[in-house]
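Worksheet: the structure to be examined is printed underneath.
Chain naming follows the written order as A, B, C and D, and within any one chain the residues start at number 1.
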Amino acid sequence: MENTKYESLIQTLWNCALACEHCATACLQEADVTPMAGCIKLDRDCADMCLQAARLLQRESDIALQYLLLCEEICRMCGDECGKHEHDHCQQCAEACRTCAEACHAHHQQITQS
Amino acid sequence: MENTKYESLIQTLWNCALACEHCATACLQEADVTPMAGCIKLDRDCADMCLQAARLLQRESDIALQYLLLCEEICRMCGDECGKHEHDHCQQCAEACRTCAEACHAHHQQITQS
Amino acid sequence: MENTKYESLIQTLWNCALACEHCATACLQEADVTPMAGCIKLDRDCADMCLQAARLLQRESDIALQYLLLCEEICRMCGDECGKHEHDHCQQCAEACRTCAEACHAHHQQITQS
Amino acid sequence: MENTKYESLIQTLWNCALACEHCATACLQEADVTPMAGCIKLDRDCADMCLQAARLLQRESDIALQYLLLCEEICRMCGDECGKHEHDHCQQCAEACRTCAEACHAHHQQITQS
């Protein structure tokens, strides 16, 4: 949608948000939800943060780039927690979070070095 | 903030959203999270719906009044589920949801009859 | 992300939200913003509504299908308004909104008939 | 709602978000919208950021305190821009933004010194 500069990063953020929403829902459907509490908590924050990051980039917000630093952090936290669990939805979410954390990081590096 | 017409309803929606956020967090900290899964799932939706309703009213959106009907429904569902659990956070959330459902309903009635 | 049932609809909602965010930003950068006020106002609501619809579908919310009805309506309103303006961003947004309104409608029809 | 620690800050963030939503809507209704474009753009970001900050605090998110630093910044930017305009809604919004920026700052100071 005409925002070619950040198109790939926006899509990565969106994929991460979807993975987190799915993981939280699937965690809540596990036979034993108790060990998944940490995942669900972080999935909730990570989905919110990634969606907001994508919107800020798409609308060319003055705060978007700084937001990516924070987004990277929640993605790392969520990826670390989900990575501890063997459920497919957790492993997929962990992968999406790590990819997203790296994309946020790479983008921020690129900006501050130019 | 200069939106006196809906001020009370907006505040009720906000209170409900806060109660849902708190209830979800507290449910995730219970010793046994499994029986709370339904609460957490509905708290998540209800918080999102109430916050969006409040924003739409505050910004005088053309879709705000229709949105209240849907908001009433999720508040009833969330209130019913939370009402089944004896934890303080669930009982408080159930109360906030019921108050909010009634406020949405009353407001919608008033509009469609005028 | 493992939600194959609604994957296409979720993507359509996301595309519409991005188009609305971009259109609002571009409207605010026009030489004369005054005639774009209606677009900006509806873009704001439509972006919020479509994003929330996508999240509700992805998380398999009990309220997701009803939400689509309301989402269809705001998409039609936003598409009608944007369609009146000849700027590329408005025409693209109008197209995204109409596609999204039809996708919401088709999906709802399919559900209520089955 | 049982989150007494951050209750006042959460309310300040909420008041700021409402002021921004109202200001954006009122700006869009001015006879000449063009000079208000900067306000509308920042109101949109500031409302989103303050609401998310309030939710993160209420849900005791691990990222909440860092988020306040970013929230302070967008509040300052929005307050500065709105403060340039004499409309009541802009002046009220500027005041709400400055109060909120200071509350975010004070809270962050307090935490990092303890």
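The rule we apply is simple: contacts are C-beta pairs under 8 Å (C-beta built on N, C-alpha and C of every residue); 3 or more make two chains touch, one makes a residue touch a chain.
Protein identities per chain, from UniProt: A, B, C, D = Four-helix bundle copper-binding protein.
The shown structure was predicted, so the numbers you read here are calculated from the model rather than taken from an experiment.
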When each of A-C, A-D or C-D is compared with B-D, the one sharing over half of the residue-numbered contact pairs turns out to be A-C
Result of counting contacting C-beta pairs for A-B and B-C, higher pair:
B-C
Subunit A to subunit B, mean C-alpha position gap in Å, rounds to 26
Between subunit B and subunit C, what is the gap in Å from one C-alpha centre to the other?
24
At which residue positions does subunit A touch at least two other chains?
24-25, 41, 44, 55, 59
Which category does the touching pattern between chains fall into here: line, ring, star, complete, or other?
complete
Residue ranges of subunit A touching subunit B (in the complex, touch as defined):
24-25, 28-29, 31-34, 36-37, 40-41, 44
Subunit C residues touching subunit A in their complex are 1-3, 10, 14-15, 17-19, 21-22, 24-26, 47, 51, 55, 58-60, 88-89, 92, 96
In the complex, subunit A touches subunit D at residues 41-42, 44-45, 48-49, 52, 55-56, 59, 61-63, 66-67, 70, 73-74, 77
